[in-house]
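Note that chain A is present in both complexes that follow, paired respectively with chain B and with chain C.
Showing the complex of A and B:
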C-alpha cells in the first residue's frame, strides 16, 4: 500500500473478490427456482416409413415423420441469472427390444429478451425420427414432451421437463417413400 | 517507475486508505446487488460496482493530504557516517572478490 501501483493492485484484486461474492449471492437468489412451465403439444400429421439409414447400416429401419403444434409461455422462466433457454422436444416410446427409447426431434435456443411466448403451428422436426429397428410401425403409445436447459450466469445447468405431454400412435401401414 | 511525483503515504494513511477503499467497494457492491435484484439485471450490479471502484480509486489511490498527516520524523543523516559506510563496503567487496579467486583455483 506504499505506492500508487500497489494500492491500485490491491483495489482491483479486492474488487474481483467482491464481484465473485455478488455472483455467488446472485446464484443463491435463484437456486430454489423450480423453472417449471406447461407446454401444449399436438401432432398434426403422423407417418412412418421403412427406409435404409445409410449412416448406420444398409438394412431398412423405421423412420417416423410428424408435424406438430407447440404452444408454451416460457417468459416466466427468465430471471437475472438466466441467460438463455435451450428447449427440445423429446419422443419417448417402448419397443420389444428396448424398454425406453428417447429421440430428440426438435430444438430451439431462446435468448433473454427474445419472444419466449411460443405459439407454433405445423412445425417440422429438426432431426430424423429413426428407430433402431422396426419399432415404430403401429406403435400405440409415443409420448412427446418438451424439456429445457436453463443457462445461468452462475450456478448449475439445470434440465427441466415441462408439464404437459402428447401421446399418439403410429399408423399400421408404411407410407410409400415417394408418395410422402 | 513512470510516475515522477511523490506517491508516499504515512503508515496510518496507508492503513486508512486500504480500509476506506474496502468500505467503498463493498457498499457499492451491496447497493448494486439490490438494484440488480430489483430490476433483474445482473449487468446493473456490475455497473454500480464499477462506479464504486472508480470512486474508491479517486479517493484512495492518490496520496491526498489526509493520508500524510502523521509522517515519521526520521533522524537527519550525518556526513561522517556516510563516508565510513562507503569505506567498509569497498573493503567487503575486495575481500569477497579475493575469496572467489581462491575458490576458483
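Showing the complex of A and C:
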C-alpha cells in the first residue's frame, strides 16, 4: 500500500507538471502575435431621433440609427491558441458634453472552426445608439471601427483594433419618430 | 501506515516539533507574500479571480481563472473585459464594456454587458445607478487559464472538503520529517 501511494503521487505530480508546461508553452507560442487585419466598413442609412430613453434618465436623448456594410477576412487570425474572436463595431465621436464617446453598435462571436470571412450588407445594429445627451444631431465626425478580442486557450487576452475605418456625419435635422 | 506515522510523531522531540511548526509558518507566509506582491505589481486588490457564472460563455466558463491588472492611469475603453463590484455587494462580476462616455476633465462613466446575456447590466447595478465608474473596477482581465479555478469553486460549495484538505495538509506537514 505504501508503494501504491508513492506511485500514485509520482504519477499525479508528473501529469500536473506536464500539463502546466504544455499550457505555458501554449501561452508563449502566441504571446507575440500581432493579430492585425483590415476591415472595410460603410454606412448605408443614417438618421438621428430625439426621444426619451426609458432605460436611463427620463429626459430626451439623441438616438442614432444606421445600417452598415462590413467586409473583413479574419480567418488568418485563428491559430491553435485562439479559441474565439469577439468582434465588435464601435462608433467613436465627440460632443460638447463629453470629450470621448464610444458606443458598441454590433458584436459577434466567432469560434475557431467557423467561417471568419465576413461580408455583410445592410446590417442592422444589435444595440441602440443612445448618446449621453443631445450631441448626435449634426455631429460632423462619427468614426466606425471594427475591433476584436482574441480569447486564447491559455494566455493573454488581447484587444486589437482593425485598420480601416469609416467616418460619417449625422443629419442636421431630427427624423420624426414615426417615419422610418 | 497510520500506526507507523503515530510512532514517528511520538519519537520527535520538542526541537523537531518546533522546527516543523516553523517550516509550516514559512510556507504560509511565503504564499501570503507572493499574493500581496502580486497585488502591488498589478495594482488590483484581487489579481487572480475565478469566473463564477456563465454570463461570458463561450469565452469564459465557470471555473476558469483570470489574471487582472488595474492600471489606474490607463483609461477604460470599449471592449475591455472588466471585473467590477457593485457597491454593497461582495461578488465580483466579469463583463465587457459596452459604452464609454468620458468628459474633458477625465471623469468616465461606462456601461457593461455579459457576452452571453441578452441585455446590458443596468439591471444588476444598485437601484438608481445607471453607469459604472473607474472606482468600481477591481481590474481588467489580461490573462486567462481554463479549468484551474474549479478547485476554488468546489471548496466554496462543499466547505467540508476545504476543512478536510486543510486538515490533511496540516497533518502531513507536521508529521513528515523533511
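Operating definition for what follows: the second predicted complex is superposed on the first by the 177 of 180 C-alpha atoms of A that agree within 3 Å, B and C clash if a C-alpha of one lies under 4 Å from a C-alpha of the other, contacts with A are read in each partner's own complex, and residues count from 1 in each chain.
The working rule: a residue touches a chain if its C-beta (ideal position, glycine included) is under 8 Å from a C-beta of that chain, and two chains touch if they have at least 3 such contacts.
It should be emphasised that the depicted structure is a prediction, and the values quoted were computed from it without experimental measurement.
Per the definitions stated earlier, placing chain B and chain C onto a shared chain A by superposition produces no clash, and the two fit side by side.
Judged by the touch definition given at the top, the superposed model places A:153 against both chain B and chain C.
The partner that reaches more residues of chain A, of the two candidates chain B and chain C, is C.
In the superposition on chain A, contact is made by A:80 with chain B only, not with chain C. Touch criterion not met for A:28: it reaches neither chain B nor chain C.
Of the two partner chains placed around the shared chain by superposition, chain C is the only one that A:100 touches, whereas chain B remains out of contact. Touch criterion met: A:11 reaches chain B, while chain C stays clear of it.
By the touch criterion defined above, A:127 lies against chain C but remains apart from chain B after alignment on the C-alpha atoms of chain A.
Between chain B and chain C the least C-alpha distance in the superposed model amounts to 11 Å. In the superposition on the C-alpha atoms of chain A, the part of chain A touched by chain B in one complex and by chain C in the other spans residues 1-2, 23, 153. Residue ranges on chain C touching chain A, taken from their complex, read 1, 58-60, 77-81, 96, 98-104, 109, 115, 120, 122, 130, 141-146.
Only residues 1-5, 7-8, 10-12, 14-15, 18-19, 21-23, 25-26, 29, 79-81, 153 of chain A touch chain B when the two sit together in their complex. Within the complex formed with chain A, the residues of chain B that make contact are 1, 3, 7-9, 14-15, 17-18, 21-22, 25-26, 29, 32-33, 36-37, 39-42, 45-46, 49, 53, 56-57, 60-63. Taken in their complex, chain A has these residues touching chain C: 1-2, 23, 27, 55-57, 83-84, 86, 88, 90, 97-104, 107, 109, 111, 127, 130, 132, 147, 149, 151-157, 159.
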